[in-house]
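Once you scroll down, you'll see the structures, which are given as structure tokens.
You will see chain A twice below: alongside chain B first, and alongside chain C after that.
Moving on to the complex of A and B:
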């Protein structure tokens, strides 16, 4: 058993790679389960040794990849407190928010041979929870769309600057209607604790989804 | 009002989102119909 700091083995980059790969799968699955897009664009794939639904729409896939590409440097530096998938109605008001609350330990005690398989097991459990979350959520109104929010600190945004320019994918400060929901209920989905990352996933659902 | 992202020396919490929107359901639906028609022609 060895104790490593975040600087060792480019630890932050490893965690960011693992988390962004996971978030990509999770976003595709949320969009499928919550019927944001037609089911015909989704194909069954195997991730974390379980079947998941992934979009085959090139523009949507690129959008998700570009989004996560910009979030990655924040995760790498442990500066992304929350990544939130917001489903919005036709009036662009949030109806559901899938909140991934992320925290990373400053020090690590890892045994490398079991680490990755253990993390994979934990992420699999989160994916399975997302795949059945429609059972505890009300149907969304027709014509919903989505966006991704990242909770960070002002000083951390400079880590995103270069990538925003390279990818031509600028970010802005969220406004009230994307962030807050009136009369919402909170549904905890899954908490995972591993040596490299702790993650809590919950859904905030608006009480009255049809306006 | 939405503001442009302008990093400062402050360390306030901030919530960001992409300036661009994801493709709309209608746009994706049109693509899907075109894809199905193309596959039928093959």
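Moving on to the complex of A and C:
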């Protein structure tokens, strides 16, 4: 039974791996549930011992993977405050924002035996909440697109610009209209607290979606 | 009956935005499943009658006999409310219809229903059938005495099954096998796929046979090593893969069969190992591909080497064919060759007791071809020689040159070539031998 402390080199990587895997599943599920892409491109796969919908389209998958590959170093260093999946309408105005607020406890020693199954259970619950979120959300207009934003510190942004983690996959500062929404209401979905990470998922939804 | 349960259901659905299935409700409230189904029905009925604003969606479980693909079968399926009538009409008769779940959101696919019950059942794993309506009188947990008896029987019968054990994909064994076999078989880096199946052969024995004699282990190992070099190991991998695939679809079924769902969940819940196994079989199937490509590379590499070897003599012959194109050269060559051959012939006759060997030498041959041109070609001919003659043969050739002072350069070059060729083929060739004659 290994005990991991924050000082261990592996700790940040373990948390980053778990979170990035989870975010990949969550993004695919959001795209499926909010009908950003037609449901035909999605296929049932197994994650955390439950079926989840993942896309089969190679370019979409590659895009999501590259995005999370760049986010991973930020999570490792605990520099990512929020990861936001923004759904935009045809005029590139944000319609919905799925906000994953991530925070990691600074100093904690944990045992890995029960940890992973517990974390799996919590992540499963978050996935379930995403699948039923369309009960509390209005329908989106047709022809929506999505993008992923990361809220982080300025120093980290500079680093990201300097070191291109993936070639030809640059990150740019987000537009104002993607970051802020006019007349939005906040709908909390799920809060998850575990030894290694605390995560809050809520949705900011624009009051009037169809203009 | 209290109306409290209605408030509970209302709270779960509207406040918590949960999916309330009958199974989840029976476990949450501690009631029999049939009562839970009735509760859901009453709640739905009341909401519809009240005409409240909250939009509710329901799913139903329909079971009955229907004709599918020309044969009569008993079908059990979970359908959305809008497809209920359609499904009812297809079944004759529809034996059972009841509410499966109620929720606010419209369900797009069955995975959410499965996930809903997953944790609830997992938490109550030991008594998830407490409120169930499915009973079998013969299904009684075994006593400890019976358990021990079965374990002993397994231990004694496992020596016979050792050779087959590596092929069967037994989930808990396979998982530990893969883990431990990595360290031992890391030494055998060549064919990892074959190694893993052999590793599992060996490891299964270690686990199952606690008192097993080590002799059997040694016997299996050489047999395993023999298999190491045969191509039949690929079949073994396929066996593992197909058997794993057979076990995994069991866990992945949709909740169209809720009565079977409990069993599936127990299988899926009991071990994450099945998932690991899937990963391992996937990685195993990758490795045969890797080994195949390695083999191909080795083969092409050797082929390339073979090709290289073949090319050299071809190059030589092609170079030689270019030379006799000039007729002017030929006329000067012919008198040279006759003189060369004569001095070479004499030393061969004189020596008798020395070591004689036959060698292939490039010798120019002149002949008249179809067009009437005199063509000189270099041809490999076998010629007997002895090692001591090397120096002598070079002498008469050197003597030839001063007698033809007016020769052309091409002639000299051509004369040199047979001399050079003969010098090269002998072991003690020295270029300085040429200069000494002067």
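Just so it is clear, the second predicted complex is superposed on the first by the 196 of 211 C-alpha atoms of A that agree within 3 Å, B and C clash if a C-alpha of one lies under 4 Å from a C-alpha of the other, contacts with A are read in each partner's own complex, and residues count from 1 in each chain.
Simple rule for what comes next: a residue touches a chain if its C-beta (ideal position, glycine included) is under 8 Å from a C-beta of that chain, and two chains touch if they have at least 3 such contacts.
Because the structure is predicted, anything quoted here is derived from the model rather than measured.
Trainee: Which of the two partners, first being chain B and second being chain C, lies in contact with A:63: first, second, both, or neither?
Mentor: first
Trainee: Does the superposition put A:124 against chain B (first), chain C (second), both, or neither?
Mentor: In the superposed model, A:124 contacts chain C only, not chain B.
Trainee: When the two structures are overlaid on chain A, which partner does A:175 contact: first (chain B), second (chain C), both, or neither?
Mentor: Once the two structures are laid over each other on A, A:175 reaches chain B alone.
Trainee: Just chain B (first), just chain C (second), both, or neither: which does A:37 touch?
Mentor: Touch status of A:37: first partner only.
Trainee: So which one touches more of the residues on chain A, chain B or chain C?
Mentor: Partner with more touched residues of chain A: B.
Trainee: Thinking of the overlay built on chain A, is A:154 touched by chain B (first), by chain C (second), by both, or by neither?
Mentor: A:154 contacts chain B only, not chain C.
Trainee: Going by the contact definition given at the top, which residues of chain A touch chain B in one complex and chain C in the other?
Mentor: The answer is that chain A has no such residue.
Trainee: Residues of chain B touching chain A in their complex?
Mentor: Residues in contact with chain A: 1-5, 7-25, 27-29, 31-32, 36.
Trainee: Touching residues of chain A toward chain B in the complex: what are they?
Mentor: Touch residues, chain A against chain B: 36-38, 40-41, 57, 59-60, 63, 66-67, 70, 81, 143-155, 157-158, 160-161, 164, 169-175, 178-179.
Trainee: Using the touch rule from the top, collect the residues of chain C that touch chain A in their complex.
Mentor: Interface residues on chain C, with respect to chain A: 17-19, 103-106, 108-112, 114-116, 118-119, 252, 268-269, 272, 275.
Trainee: For the complex, which residues does chain A have touching chain C?
Mentor: Touching chain C from chain A are residues 32-33, 39, 44, 46, 49-53, 117, 121, 124-125, 127-129, 131-136.
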